[in-house]
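Given below, in the form of structure tokens, are the structures.
One chain, subunit A, links the two complexes that follow: it is found with subunit B in the first and with subunit C in the second.
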Partner chain A sequence: MAATLPGPSSHALPPITTPRNNAGPSQPPSSSTLITPHTLALSLPHPPHADPLVDALPYQLLLAEMPATLRHSARRAIRRRKALLRDMEEAGLAVEAEESSGAAAMAKEEEAELEARMESVGASVGANLAERLSRDRPPLNSTLDVLKFLCKDFWIALWEKQVDGLRTNHRGVYVLQDHHFKPLLRISTPHGTASAAAIAKVYLPHSVGLLRGALARLGVQATVVAESGGQAGATGASVAATTFHVRVASAGTPAGSGSSAANLGANVS
Partner chain B sequence: MATTKIRCLAVISASNAPLYLRSFGQKDTQQADLRFHFIAHGALDIVEERAGNRASEQYLGLLLTLEDVAVYGFQTSTRVKFLVMITISDAIVRDLDLITIFRAMHTSYLSHICNPFHSLPQPLLPSKSNIPPPPPSEASLAASRKPIRSPLFERRMEKIAGWRSPDDAAPRPPPKPAAEAAQLPAVPPPPAPKA
Partner chain C sequence: MSATAKQFKAAGDDVWKNKTDKISSELFTMTYGSLVIQLIKDYQDYAEVNKQLDKMGYNIGVRLIEDFLARSNISRCSDFRETGEIVAKVGFKMFLNVTPAVVHHDGRSTASGTASSSSSANTNGSAATAAPALGGQEFSLILDENPLSEFVELPPDAREGGLWWSNVLVGVLRGALEMVQLQTAPYFVSDVLRGDEQTELRVRLVKFLDEEAPPADD
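On to the complex of A and B.
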């Protein structure tokens, strides 16, 4: 019944031998009988023949295609919601009056839905990626450790560089600066920086979601707000210069809404 | 019996909710013994204390012994906890073996959690397997807090525990050499006779 395992050469476990039933002075039974070849195989960080890293290019292509598909999905969701409201109204149920209708409001609603979808995709990807990356790393005890893990390992895994600057006011607000943020690096239009910044605004929620998801999975409840350069009033001339403001929800203060960029000096509660 | 056996494997979420608990006893039942739930609950309290003190390690070692099982624990950086309960015997229990088991569980858990299809709403019609459909309250949970209902995860846990279903009349095929077994995470190899 005891399983004999040949010593695997692919990792550093010592050869495991178990006492046979008819052996003479065998060594005392040990828990090594619990290890099956399947357990050994699963305990390796990744299958020996499969490369765990994916080429960065498919991710960039996927990111480029995401807004178009999610916009489609957002439109359908809005249409469905409006149809439901209409049905309720026809059936005689009271319905909240809509604030305004018209092309501008429709576009805004669509943008809001798109942003929500990009961010939720980012959140689940970021959470799972944080889970995988933190696998072989030492445990992260404080919020600062989590932020440092984000700035180094997480950023490198996603965008092949580290964050260029991390600042904190030691009261729960962290500012991460990346001067050449990879997802926005290749955005260019013939109309200049302003329109490039508008396009960047579509892609930023995904990265915001990545950070928020990773933080949440690692146990830090926070809101993340991003701003890229090239917008009116923002620092940095190039579109790719991005700043992420992370506001950690402490015990006393609820996490604030993420609609405006937080100022580092102001203590907003 | 001098050798020790895995009696139960458990995965507990960061908010101390059970994600998966499976006992490997003599009876062929998918429902875990209530006893193991109780033991896991007791072990969680000890995890809380130990994880606070020894903040620099993930493997928590022997947590408690109760009746005839010894419980070992492991906490990941995302505060997901794994518990392994083995029968107490005079076998020497090495940390290395348990760490291997925990890493195998961790890999299976990571594979499962990264699959986005598990968070989709379950189909309304009952499936053919004898697992009862999940209660609708689970659908609103986040992916990391949802109980694990996946046949692949079950199979992997069974293989980690070295558990054979009592339905198997044929003797267990001899273990494959490690090179072949290393392909397991991708595709389970068909049983092959040992050369």
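On to the complex of A and C.
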């Protein structure tokens, strides 16, 4: 399957071989100049082989800088929200009292906001990436198909390997295991080496978001929880061992537990 | 293209082909895009977003340069002109797989409006920091391809509000060049995302930094 441009039977616009030069010096200006490389790329089906590439390092450095950047922006958003609440209070409107305002509470709120942002960035990327990847493949008919696709193609696109193990209880719960989860390997940050647990805390939400976003875009509403060896205080290779627990929204709850997906993770399997 | 420019281009192509660990450009674009959007939501101030992108870029740039030097084996530039050529043909090529056009402005030309590349007053490629007159030396990078902005469309208020979508590049260049003793002020002049005709990133040389021991790196 070496073709890069679609053949005459495709749905694409008529092929334009030199989109940048379609108004040559001797030709009068025409509306074909509206077809920029951008619009052309949007109109054609996206051939997997023509996927443009960049060096991996800028992406890795971008990821490395994301937490600090988002923490700063989260602080700004928190400040703005608090100022708004104060204004409302002063204006005489009833306002829900803030639970506590100590430094510890502030730090906790900041962490929560950072985590939410890491996850949200992940979700947006995950959704778009899943859509792109699934476009040229046969349709995914069942939730299990979706999960298998994520465990293979999606995982490879992001982390250059497949998931190491997928289990399900056939009642809407899926457990994905990656023994060498790439984001947790070779950990180093621009701000000095931090413990594996701290790294995991910051980057796992991003990965959870990637997965959750991909699932949602592929039609599967689910909650996703991750746990890694790093969180349990383990050392050595198991630091990078990560498990994702996916619970599909319509799944029946296990008898009597009323538990959230987080509790499933606590069970050592 | 001059002989050295060809060499730089060949060097850039070589690093890209042989010494690069590659990922999908879309993944990079999407990640950057989601980040910018989140920053816009949080700061609600486009000037502030520009500033934060610059800051983030700076941190990325100071690390990127180490990798650049290790992988490209490019020796020290003899003048700022060469810096511009190397940034475009080797730097951009090996990291983003694009090669912006370079236009040199040495601030001394009196040509009508358009940038001219009048011959540099620098003599041979001496490795010493022979400081040429800093008559506003600048180079422009004309990005006709920009992985950061693929498929991006700016809403009108972002355009009017002065957002430079790819402002991280300003920081990256500033940080990277600072680590090789060049204090620069990069800035966007125009961006096709804002409806301009081209995307131009101009880099002004502020001064040569004195040689000093590199900061302790731990």
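Here, the second predicted complex is superposed on the first by the 182 of 269 C-alpha atoms of A that agree within 3 Å, B and C clash if a C-alpha of one lies under 4 Å from a C-alpha of the other, contacts with A are read in each partner's own complex, and residues count from 1 in each chain.
Just so we're on the same page, a residue touches a chain if its C-beta (ideal position, glycine included) is under 8 Å from a C-beta of that chain, and two chains touch if they have at least 3 such contacts.
Keep in mind that what you see is a predicted model, and the values were worked out from it rather than measured.
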item	value
First (subunit B), second (subunit C), both or neither touched by A:Ser73	second
Partner chain(s) touched by A:Leu62 [first = subunit B, second = subunit C, both, neither]	second
Subunit B versus subunit C as contact partner of A:Ser134, first or second or both or neither	first
First (subunit B), second (subunit C), both or neither touched by A:Gly219	first
Touching partner for A:Gly102 - first (subunit B), second (subunit C), both, neither	neither
Contacts of A:Ala157 with subunit B and subunit C, given as first, second, both or neither	second
Which of subunit B and subunit C A:Arg117 touches, first, second, both or neither	second
First, second, both or neither for A:Val54, with subunit B first and subunit C second	second
Set of subunit A residues, in rising order, touched by both subunit B and subunit C	37-38, 41-42, 124, 128, 132
Residue ranges of subunit B in contact with subunit A within the complex	2-6, 14, 55-58, 75-80, 86, 89-94, 96-98, 100-101, 103-108, 110, 113-114, 116, 119, 143-144, 156, 159-160, 162, 175-179, 181-186
Parts of subunit C lying in touch with subunit A, wherever the complex brings them together	16, 20-28, 30-35, 37-39, 41-44, 48, 52, 55-56, 59-60, 63-64, 67, 94-97, 144-145, 147, 150-151, 168, 218
Touching residues on subunit A, where the partner in the complex is subunit B	1-6, 8, 10, 13, 18, 28-50, 124, 127-128, 130-132, 134-135, 137-141, 217-219
Subunit C partner contacts - residues on subunit A that touch it in the complex	20, 37-38, 41-42, 51-59, 61-63, 65-66, 68-70, 72-74, 76-77, 80, 117, 120-121, 124-125, 128-129, 132, 157-158, 190, 192
